[in-house]
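Below, subunit A partners subunit B and then partners subunit C, in two separate complexes.
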Partner chain A sequence: MGFCMSVRDVLSPFTAWKNLFLDPVTIRDPLNDRPGAARYRGFHQNDVGRCIGCGTCETICQNGAIDMVPAEGIETKQGDSGLRPRIDYGRCCWCALCVDVCMTGSLTMSNAYKWVESDPDLFRFTPGVDRKYWDDAERGYRRPEDHRLTPRERAHMGEMAPEARIGSFDEIVHGYSIEQARLEADRCVACGLCVATCPAHMAIPDYIAAVRDGDYERGLRLLYDTNPFSQICGRICTHRCETTCAARHEGDPIAIRWLKRHICDQIPHEKYLEIVGKPAPATGKRVAIVGAGPAGLTAAFDLAKQGHSVTVFEALDKPGGMTRWGIPEYRLPYDIIDREVAVIRSLGVDIRCNQRIGRDISLKSLRNGHDAVLITLGLQLGRSTRIPGSDHADVRKSVDLLRQARACEDFGTPRQAVVIGGGNVAMDIARTLARLQKLAYGEVRVTVTALEDFAHFLADPEEVKEAGEEGILILDARGPQQVVVEDGKVVGLRTWRVKAIFDEQGRFAPSYDETDEQFHPGEMVVESIGQMTDTALLGDALSEQLAWNRGRLQVDLGGRTSESWLWAAGDMVRGPDVVSAVADGHRVAASIHAALNPMKERQ
Partner chain B sequence: MAYQPDRSQYPARRPDGLSRHPASRDTSTALCVGSLDIDLASGKYLKLWQGPNHPGITGNMSLELTVCGDEVVEGKTHVGYLHRGFEKLMERRTFIQCFPIVCRICVPEPDFNEYCYAAAVEELAGIQSPERADWIRTLILEMGRINSYLMYLGGQAGAFGLGVIGQWTTYVRDLMLDRFEELSGARIYHMFILPGGVRDGLPDGFEQRMEETLVEIERVMSDVLDVMFRNAVFKKRAVGLGYIDPALIEPYGVTGPPARAAGVAKDVRKDQPYLVYPQLDFEPVTGADSDVYTRADVRRRDLLMSIDLVRQILARMPKEGPLMAKIPNVLHWKIPRGETYIRGECSRGEYGYYLVTDGSGYPRRVNVRGPSYTHAMALMERLIVNCNIADVAGLLVSLHTYPPEIER
Partner chain C sequence: MRELYAKLNRLFPLGELTERRSNLAFITLTAEYLRPVLLHLRDREGFSHLVLLTAVDWLEEGQFQLSYLLSDRANGRDIGLRLMLPRDGASMESIHDLWPTAATYQRELREMFGIDFPGSPRINEEFILEGWTDIPPYRRDFDTLKFAQENFVARPGRETWDPARHMKDQLYPDGA
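Take a look at the complex of A and B:
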């Protein structure tokens, strides 16, 4: 190579002069003449209407540049923390991990890169709330379509095939294996929106973390901190938490309910008593609770742990309330309820069955023998449509039928049945009848007629899907008009198509298209349109004394009625689902405890 | 009292030390030869600090020179002016949170940090990045190599007073930064290669614009050949300067172009192929004379080879397919106990990441092996002896060192 110099080496450098005649390559005004590339990671934009304030961006930011702060002018709604990310451009490194991890896709970046201020504090701003000129820029970094930093799909839950499950009352879902549960728990971003939504405010991200760590005892302890019906809720909770889960927005919500069930299933029953712990020293106070459902037993659990002597009076022959008598076994096996009740009994709670108010005991005697009385009567009476023919003996209420089915009483399974109603209870009775039909006659002939259309259906989508798989015919937007009776026997139901359920003022006043009439044959019609409390149990005298509010017993925030010795809780006050009853049980127990310990409370 | 420098690391000074003619090169490969008495009070020697802020220093490091006349009789390298503690910072960050900071370890060629870190995490977590992502990773690494060489060429020429080369290479480097911007969303810190794959595919029309950029770079490189490499001034100063004996390559851990310029065909892309290099056609560029001129020429030809590799990649890469492997939720990503060393051939030599994990959500230890550490510190102290003061800058630049990467 070139140790030998040549004339060329002297002349060649002068070729640089040819550049004199070229145009300059510099851009005179780069800020205006040259916009950032379409993917440029410029200043942040946030669609605050789409943002749910889950704070995942704050969690992932390695510079601590993001703080979640309350934002003005944002309507507070379910599943939204009301906070919005504030970004400190003194710390931001424009890595866009916040954009990549954003659970709703609301956070993006514009391709703008010019921002001049004289006040350095202004470079800490809340995108979307503090308006900027680039807010509406269409170009800039967006998370690419398939680019996700958190898995979107739910871990598969095994379940029985429709053909197999229709022939028995065995539990449908198998439950997660440890591997499946870890995969599912891994998806959680621990934003805590679910905690705010859960009526019992269970420590959901914490127990999901316990599943990740495989520390099931810690998980169970966390469950029982807030919910003594965790085993039951792990199977049949209405899981409102999952409707506000941050993962729901761009994927499947975390299977919070199944993870709760998984924790419960991993711990042997003997361990439960150890983990739940021992009650406090006896206070000498006596509390009577009427009704051994979730609300009553939760209150019993709390009060017993606090050292009070608790006696529960149950009208039926087994405790559990609606969880035992209203929910089919394929969703909630009996032994789960027995195990749950055993935990509560282990704290010294005395549960006396076959003790009906007004028949075996009186509220007056309870008042005299106890320092406080709590009634949790539940919703035991089915409502009627009151259409012509609905007074026939073969027009039944779903709540009664479910109770009979669970008690294995023979109520004469119809070969063909029509269910009126579109809620979860309607699905429960329809699927129960379908199983009984399959067992008795080998075929399923159940029709469900719901007032709502499928877009506004009340029952959970998976219930509707599974019922369809089991051969049940579900018709939406059908208004019941008449139960047709011939020769003294029910032969079916006549319905009209529903045009609207509510009137212009939003009141319940269905309007029908009379030209669209259908007849649904069936020898039994089941009404499943709602339930109410049997307040006659209170007796006339007490009912007179108590304050009422639109047919419901009036209670204060702690569940105390206008009579200072009497509290009420559960479905008869709020509801109706298990976890709401549990939350109510906690509330009322705290109120009773405070009333029993006035001095301590004041300290 | 007479100043007694520790000369145990250096060969004895040659009587004809000022001569840089190849025939008179020191061919001694001994590491411990003799010692030199330097009496600063004698008035014969002078201490001269070059850096940490000095145009003849590549970035923030410093040379402590002992000169006699205009000849360096001893040089010590000092680093530590740019320590940001990245390796330690990473021990307190989750695996995904390390991703945005690794690129900062080496500013002019950040992508190797992203690749090595991602590959190390993937190996320990048992993840395989998708094929299309590997092609894009290779593309980015070659684009980064071109940029790094362009920056070097400007510096190398500038160190000998040829200012125009830097202006030209900066111009075409900017064109390549435009391509980086449209591909990755950023010009300098691309933050594009992350554990599991890459963020996105190529934008529409990228191949066409890249081809235009490559053609422009080739045009400028042909000018650079005329004005820099066929230049009497550059040859006068660069030929014979900073000779690295091939026998020193192994003991000093010399890699990359400095090794290849000595005729040792070391190239991790060939020696231990990674990404899609086995599917690309190329031969490591080597030289023979092992001086500043040869090293510059090896880099120039390596740059042209990278241009060819970029063309090969764009022509052959799959256009469809996933870009990210299935990774767990990054917010609580725990990686089983293990350790690995991932290496790659960056523009300056072998770049490597040693990663130790302990089953937690954080790296237990990260050690970055950058070529600048060995080249700029140990090797430089040896090469600088008998160098003319005016040539020190050219010598240091010829080792192509980036102090940010020395100080992790």
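Take a look at the complex of A and C:
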């Protein structure tokens, strides 16, 4: 047979030998050496430090494969539920919707796709918490940069231009149209992380859903369930909720405050009274409240709804407290406060103005005529820097000037003014003075000197930005040293640069660079460095009886003082902001209601 | 692509042109002009290959959108034709006689969206869903989660926590 072979037949097997020197096409160990493609949607990874437990992955999962579970070593805190997604691989179909919707980008998919177990329950696992071999895999599916299920930027809010707004006290912010509000509401994933942060724990995702549905009556009902100052908070709330919004991680936080305002703006005033409803049958109990600010009136609202007879005594000639006398009109028009108060009055709350305790009424008489007394005195006294020259008549306190400005009293608008302070109140008085100057003299000459540097500034960034746009000069890290007085007149403020505000123990003890001195001219200096309660109103005898804690009235969780008939609430026991005062008003009302109904409480 | 669009537009009443890349563009048109435009593109312009045929459910508008993607391999360019159909009783002329592969796409669309293509081979036979009794699953009013929950059991022992409620329990248990 071999004799019949041609030369070619003999050589041909050897031609295959050339392939010996090429890379093999086959994979040597296909069970181990075959990684998934670079963007393969394999097993989940979760950067648990970045994950905020918002549960959006669970909500979007069309297979019901994800549970949110507490995870060891992960604490619940502001902006983080402390829960982490656990995935049931018996149901997952690797569609990656959970990765696409993830609000922080913490949830991704590795390119790993092999996992063998004999116990099927092990395929339910918490990525990033239960350690897996693919945890550090660098390849796999991540949401592409431009691929977003929710828009990154908030719906545009119209505002008056700086040139237009500086010459008047007109409200700056326009408010959302229905279309804008719906767009903004659509960005909310309704995770509810914000609810814990809101001092009043408002039902934020629910009222945003009401905006989305266009059901404003439902929205307003939800607002009034937790906050009878919703119209006001919709404009000037410190909106801490927005600092813990899930959307802030990869874009703008939801404009929660503006959506609240939007709901309020859509409902005609008559409808408010209908929605808020009628009080419960009269209980015959009488409660006196001193101070018609947000804390006092919120407590009045709650107690009146529960059927108690409530009388509010207000020292000034109109109710509203700091919302009326401390916040400039360009941020909060007066009629909003009037509408808010009218709702509270509609429940039968008797608000008596021009009734100052210690002058027109006494706490003792209130005690005798009522079953419970609540004091909400607020922070009406401005603190002084006590620097040389600060006792001059043209060194004013911002709290006094704001009150005078809102009462349209002429306090002698200075041609040039210097404000000491870097908080929101300092911005309020600077911007108020700027408007008065523009109206009186046609030009703005206001300098703000703040102790803090811009990296640690106290005022909201938008306040600083808007003040700058209005022509106000803001200087950071300036420590006031002396109000310079010449020939009996204030001529300006001398400052040193601040090196540090706190000492090594963290106590307030500013240190200065004395070589960096500046002089800021102005014929009025306004101190805006904090406020305190006028506790003298309580009278010596009562002050002696009451327990105090570092200058603040000591109260229990429900706001009750050491005197069983007396409660206290609001700025005088909490931090100064409206929504905290509202939350405190609810708390103290619940405590008073429980005390007035001891039998019911025991059941 | 603009040149091609201009040329086509002289022959047929077309909707707008959307250019995605220099070699990829989409043209909207009405259903009645689909066949002549497809024929023209296939026989005169070199778009010999039907890449895919797919649909989008515009539920709120009450319409389905069909997209026919064609490729001109010689010149390395693709063109998509888009048209809208009323969602109710959706039906479209079959193009299986132009490209036999269209029959497969049309059968898929019949099953997943419920769009009929009368005369298309085996159009009413099951494609990948066996024994399907629900509404077509790619319609946006099909509740995928509900279907999954009703048809696939969860392993016992599963438990979930609502983030907002969990935070309330952890951070302010007494309601404060």
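Structure notes:
We adopt the following convention: the second predicted complex is superposed on the first by the 573 of 603 C-alpha atoms of A that agree within 3 Å, B and C clash if a C-alpha of one lies under 4 Å from a C-alpha of the other, contacts with A are read in each partner's own complex, and residues count from 1 in each chain.
In this text, a residue touches a chain if its C-beta (ideal position, glycine included) is under 8 Å from a C-beta of that chain, and two chains touch if they have at least 3 such contacts.
Fair warning: this is a prediction, and the values are worked out from it, not measured in the lab.
Of the two partner chains placed by superposition, subunit B and subunit C are both touched by A:Q62.
Of the two partner chains, subunit B is the only one touched by A:D146; subunit C is not. When both complexes are overlaid on chain A, the residue A:V195 reaches subunit C alone and has no touch with subunit B. By the touch criterion stated above, A:D9 is placed in contact with subunit B alone, subunit C being left untouched. Which of subunit B and subunit C touches more residues of subunit A is settled by the count: it is B. In the superposed model, A:R91 lies in contact with subunit C only, and not with subunit B. Once both structures are placed on chain A, subunit A residues 62 are touched by subunit B and, in the other complex, by subunit C.
Contact residues of subunit A toward subunit C in the complex are 53-55, 58, 61-64, 67-70, 76-78, 81-83, 88, 90-91, 120-121, 124, 191-193, 195-196, 201, 205, 557, 587.
Residue ranges of subunit C in contact with subunit A, taken from their complex: 144-145, 148-149, 152, 154-155, 157-164, 166-168, 170-172, 174, 176.
Put simply, subunit A touches subunit B in their complex at residues 1-3, 5, 8-10, 12-13, 15-16, 19, 25, 36-41, 56, 59-60, 62, 93-97, 100-101, 109, 141, 144, 146-151, 186-190, 209, 212. By the touch criterion given at the top, residues 22, 93-94, 96-101, 164, 168, 171, 178, 181-186, 189, 191, 199-201, 203, 223, 226-233, 235-236, 239-240, 287-289, 293-294, 297, 322-324, 326-332 of subunit B touch subunit A in their complex.
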